[in-house]
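Shown below is the structure under consideration.
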Amino acid sequence: MTLRYLTAGESHGPALVGILEGLPAGVPVDLDAIAHQLERRRAGHGRSPRMKFEADEFQVLAGVRHGLTIGSPVALVIHNTEWPKWTEAMAVEAPEDPEAVAQTGRGRPLTRPRPGHADLVGMQKYGYDEVRNVLERASARETATRVGLAAVARGLLDQLGISVLSHVVRIGEVAVPEDAPPPGPGEQERVDDDPVRCAEGATSERMQERIDRAKGERDTLGGVVEVVAYGVPVGLGSHVHWDRKLDGRLAQALMSIQAFKGVEVGEGFRTAEVPGSKAHDEIVASEGDYRRLTSRSGGLEGGITTGEPLRVRAAMKPLSSLTQPLRTVDVETGEEAQAITQRSDVCAVPRAGVVAEAIVALELADALLEKTGGDSLDEVRRNLEAFLGSLPRA
Amino acid sequence: MTLRYLTAGESHGPALVGILEGLPAGVPVDLDAIAHQLERRRAGHGRSPRMKFEADEFQVLAGVRHGLTIGSPVALVIHNTEWPKWTEAMAVEAPEDPEAVAQTGRGRPLTRPRPGHADLVGMQKYGYDEVRNVLERASARETATRVGLAAVARGLLDQLGISVLSHVVRIGEVAVPEDAPPPGPGEQERVDDDPVRCAEGATSERMQERIDRAKGERDTLGGVVEVVAYGVPVGLGSHVHWDRKLDGRLAQALMSIQAFKGVEVGEGFRTAEVPGSKAHDEIVASEGDYRRLTSRSGGLEGGITTGEPLRVRAAMKPLSSLTQPLRTVDVETGEEAQAITQRSDVCAVPRAGVVAEAIVALELADALLEKTGGDSLDEVRRNLEAFLGSLPRA
Amino acid sequence: MTLRYLTAGESHGPALVGILEGLPAGVPVDLDAIAHQLERRRAGHGRSPRMKFEADEFQVLAGVRHGLTIGSPVALVIHNTEWPKWTEAMAVEAPEDPEAVAQTGRGRPLTRPRPGHADLVGMQKYGYDEVRNVLERASARETATRVGLAAVARGLLDQLGISVLSHVVRIGEVAVPEDAPPPGPGEQERVDDDPVRCAEGATSERMQERIDRAKGERDTLGGVVEVVAYGVPVGLGSHVHWDRKLDGRLAQALMSIQAFKGVEVGEGFRTAEVPGSKAHDEIVASEGDYRRLTSRSGGLEGGITTGEPLRVRAAMKPLSSLTQPLRTVDVETGEEAQAITQRSDVCAVPRAGVVAEAIVALELADALLEKTGGDSLDEVRRNLEAFLGSLPRA
Amino acid sequence: MTLRYLTAGESHGPALVGILEGLPAGVPVDLDAIAHQLERRRAGHGRSPRMKFEADEFQVLAGVRHGLTIGSPVALVIHNTEWPKWTEAMAVEAPEDPEAVAQTGRGRPLTRPRPGHADLVGMQKYGYDEVRNVLERASARETATRVGLAAVARGLLDQLGISVLSHVVRIGEVAVPEDAPPPGPGEQERVDDDPVRCAEGATSERMQERIDRAKGERDTLGGVVEVVAYGVPVGLGSHVHWDRKLDGRLAQALMSIQAFKGVEVGEGFRTAEVPGSKAHDEIVASEGDYRRLTSRSGGLEGGITTGEPLRVRAAMKPLSSLTQPLRTVDVETGEEAQAITQRSDVCAVPRAGVVAEAIVALELADALLEKTGGDSLDEVRRNLEAFLGSLPRA
């Protein structure tokens, strides 16, 4: 019970809501920084026109006063600017004439579940006869809440010199070279300026071409994002119990992002292919510090941060809402049908990187607070510095 | 708080201890089945001679009466048959003459941390000046506890027709063909009979050769294991909140296994490479059921089981204790040194598959009980059958 | 992780926010019922004039569609109708001129902590130099969120025939007779009509007189409330692990209400005074059911509900904001001072009963869902009925 | 996830088992201290002869090396010295001839559930046709595990100058005077030497007489215990979220002790009877510290420790196993019957005080570690001292 959060909100409901509980007092909260992160989540080549009018109007309703956290839970509401169009179909209250609502465009039952989504299984699990109630919550729009809450948690990380950034390393078959170094601590803006948020110019162009081709083929594309965190202190997470291992916690958080199907830490699956003599990071003494000669571990050994940059990758499958829809069954008629189409993005990988980054920031903030304890930024900082100061020199 | 467990125990301590809390009453517990699972965890080509005398003598001390669970927490103790050799070095009580202990073989301070292990970071985090206290707990021997507890949880799954098996799909560069089907529900024994627990004869031979070569080179090998669960009902996990998604929970559990660096669900990272038209499982009606034409999703959509076989893969890095040790720093002298060597396995992937299987079984049992509630096997079964019976026919 | 909730919000901030996660789908949500519960929380003889303009305008922003829950987290926002007066003092953003704000009435530092409140300790814990940031969150206004969320959870209980009501059994020295029976299932309205929410007319009058006298003396009064739940099925909670015991969970929840200092189940402290022959409820068979001849246990044995009415009591201390203020220290000057005064209620016990009721409803809903599992109201009901139907007849 | 623990074990099973996870490294663990606490739990006037041969043989199997914790989970096994008598009735494995076992003394079905115990409700909840499987786990013998684990946690508290003690303040109608001061920090031994663990000589004698009389009447007695903790730093627990309030957490933990029916903090229920002017602790400055003139709050304001001694009381009902048994129903025959008798204590309040003390110690250790963070005793101490040093002087 260090840092925890709940999110709520349907894709076309009145608003998304998030509560983040457990931050110390005195952490600067910058509304522009929240807006910036929400904005980043919407960017990227290959996004549908819908994203444009999805501009996120939000309010911090609790936990922050005069620009600083006050130890209380932080509440964030992100309003749905399209809500006026959905007041009937998504009304909280029971409609007077349900039949009428069910015959309007937006209120019409959605009976052709999309493969690759929660649609069918959600319907079965929760006992529905159509999928609206499932897709509204399963939608990736929910991630806006997590990105918003993470923007607050990042205020804490910033103060302690920890920065988290992301970049796209694969879209479909197009990948950055294996030996390309990740962007450095100050390079997030440069990466964000790239239309596919790829750090490597030449690869970026090929990615964009690939997306454009997929669009022409009415197909979609997935990819892989990498999150890198700089300035992470040694000693977050623990080997003493399986659920304290930070790599496991990061893996859960990342895998829980919509459409993510794989997670790896450091070299990940590649480490499984090389011999032991090439799979680990040898330890050396350097200017009084213990350092690693390589960064294969991703900055995590035994579930604990090493003080080296943290690196995790996560794989996103292609969007399942194709403009050329997949085959499904109409649950009302039992007939073969084409799956419903909810949106028309070709590739959501660039913005998914921003979500992955947010997720990692939340987990790092949690692990940090477990290590340091403390109820105010000053206390957290003091405890962290005292710990780092106590480490024996190499 | 459905099913939860804690494990304790050091590698060379008197015993490993586990408590599994939350199982319903009336689940058959077969001590031979527990012994069998513990035995499977020790098997495999490439294991060190040490494994032979590691025969796990265990006791169930609580939660089971007359062969059935009674709703109470189940406690398992696995004794360390080598304990007599370690009574001084690992004594619970303070030694009368600490100096003397520190000069014996086993009690000697270990000051050359192994790259790729928790050794150095654990030492730093917990404030030690040598690594014994870290490696004792970080050791993969801990997984015996999880395998043992999972054997109890599998008693529940068995009763409901759910079986979980594993096989090795990669060792170093040697992998089973991408399109090779996983072993079927009854094939665990056949897989276990294979020296590297690979389901595919030709690949197995190449894997064994690869291991033998690595041994000659005094090197180690990692690999990838796949866990497949059959008979998993539709509707476990949920899309409604990130930490209810079963894929995320499986990812955490798998990534938390010692030396694991990657996890994927279904096609995983491969899904990121193919277009959307080839990445999802189209839905069809078949004899009244909704079925999928392919199994790319790994039996999980939106964090919920689909009723298709569940498939997850996890990547293990090569062991870092090489007989040809890696470079490190002696933390006592600050001099460059060769890392300590704790054991001499070449490849632990086959047995790690058994651990992965156990982990998946524990998570499935938890997700199942969340879905069904219930305090006795009868009640769990009744609720599950009623749910399945209520599903609309396709 | 069955039913969980987070609340956020400062007393004079823009709004209170709550998220309730884990309700099944299909539970009717009636906005009028929520409004009614929030209204009940504000009622009662002895309340300050402030309560009048505290009319709670709220919105359900997520988790409910067309009058029914959809399995998603439910989000509730309760707006602060006084917010316009507080936009400076409680602004989320950093003020341009902090000095100016600190000199306005509402923005002025509060440096005279009230005894009996979180004021001083909160200030010390979180590192503040005045108490505004503490009292804003520690305020009992937060309970409006819990009452609101509980109103949603009560929708589930209602459907299963479980009703939760409360009444005041003591105000100061004035208590209902020990042998007075609690109000019955249909009597909540009658109790609510009483100015002090006492079920017993004669005692109520004495309570009101006592309050009026305290008012004259510029003093405050505490008291004891009793919550009774009817229709609770046998078998909620468990004896198998300490933190599964329903009495313990109720005790935590009740003790966590602002100003509560004692909790008892059934006869509670009185049971400690009588011999064993008069402390338990003897068991008899009655029309095929096991029944108890008395109700001393409060409907809980071994941490499990017995099927008899559930009864818990909780003691509230007198409000510490007296119009005749208590002695304290001015933390700015170090001088002896009179504590700040935040409000002028004499007695908040009647409305605290409504909060206690809400708390109990939330815990019961949680314990119920642990027992039944299930993701839709139909499934919950089906599992519960099947369990009850399986109970052996006496 | 700071400090957590699971316990397992049946009253007549082979052993009790506990795992305590989350302690920092470097905490001294003294086996004699554990033995002493277990011994204290067995003492007291009014205990049955059985307690004599219940001498607890225990082993620490994990988490401690050379007298110090090592950050790993601590595992404790307490053997049942009577186990040889129970190997058949409580066998883990299915008996070859269940009929035969069911006809032996100890294996015989127990079909006459005791009022006031988990017997009947546990049987109903878990689907049994007799109560053996319930009473084995519901038994207060389980508390030995908690006392043992708490003895380890107390090692941490001791190092930080926090001591927790308990005394009996009521047995039946006999109570210590309301204004009697609690025993001081060094007085535990004196209290323990009293046959009923009462700090007040005159009252103790009356309590003993009362117990002797009850014994003559073949009746049982409950009572009230008080736990006092000295040296508790200011700032443990929090007001920011209901489940962080330390009073709530203490209430749950205490109420979860077998046979406990009431909990109060500080003056508790008495506070509900007095006016506000007499219910709070006025604040004064004293030698640079903020102090309270009285100790009505029990050292907790707003769910946070004040730095004053912590005081909680808990009420225990009389044992329900009377030698003059209560009326019940035989669940096999449906006939009226006399409840089974499991033991013959008259009053377990003195030893229950030791359990309450242990429970409080565990919660305090948890709350302390939440405040300080830290992975070694040195780090915990350093963080705590730095916090205390940062507090502004009064």
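Going in written order, the chains are labelled A, B, C and D, and every chain counts its residues from 1.
FYI, contacts are C-beta pairs under 8 Å (C-beta built on N, C-alpha and C of every residue); 3 or more make two chains touch, one makes a residue touch a chain.
Quantities reported herein were computed from a predicted structural model and do not represent experimental measurements.
Enquirer: Name the chain whose C-alpha centroid is farthest from the C-alpha centroid of chain D.
Expert: Centre of mass proxy via C-alpha means gives A as farthest from chain D.
Enquirer: Taking the mean of the C-alpha atoms as each chain's centre, how many Å separate chain B from chain C?
Expert: Spacing between the chain centres: roughly 44 Å.
Enquirer: Could you please state the distance in Å, as a whole number, between where the Cα atoms of chain A are centred and where those of chain C are centred?
Expert: Roughly 36 Å separates the two chain centres.
Enquirer: Find the geometric centre of each of chain C and chain D from their Cα atoms only, then give the gap between the two centres in Å, rounded to an integer.
Expert: 27
Enquirer: Multi-chain contacts only, two chains or more: what residues does chain C have there?
Expert: As it turns out, chain C has residues touching two or more other chains at 6-7, 21, 71-73, 122, 125, 127, 137, 235, 238, 240-241, 243, 371, 375, 378-379, 390.
Enquirer: Would you identify the shape of the chain contact graph, picking one of line, ring, star, complete or other?
Expert: Per interface graph, the chains form a complete graph.
Enquirer: Using the touch definition from the top, list the residues of chain D that touch chain C in their complex.
Expert: 6-7, 113, 115-122, 124-125, 127, 129, 134, 137-138, 146, 170, 172-173, 214, 217, 219-224, 234-235, 238-243, 245, 247-258, 260-269, 271-277, 279-285, 290, 292-293, 297-298, 301-307, 315-320, 322, 324, 326-329, 331, 334, 336, 339, 371, 390-394
Enquirer: In the complex formed with chain B, which residues of chain D make contact?
Expert: For chain D paired with chain B, touching residues are 4-10, 13-19, 21, 24-26, 29, 31, 59-68, 70-75, 77, 90-95, 98, 101, 122, 125-128, 132-133, 136-137, 375-376, 378-379.
Enquirer: Give the list of chain D residues in touch with chain A in this complex.
Expert: Residue list for chain D touching chain A: 1-2, 21, 71-73, 235, 238, 240-241, 243-244, 369-375, 378-379, 382-383, 386-387, 390.
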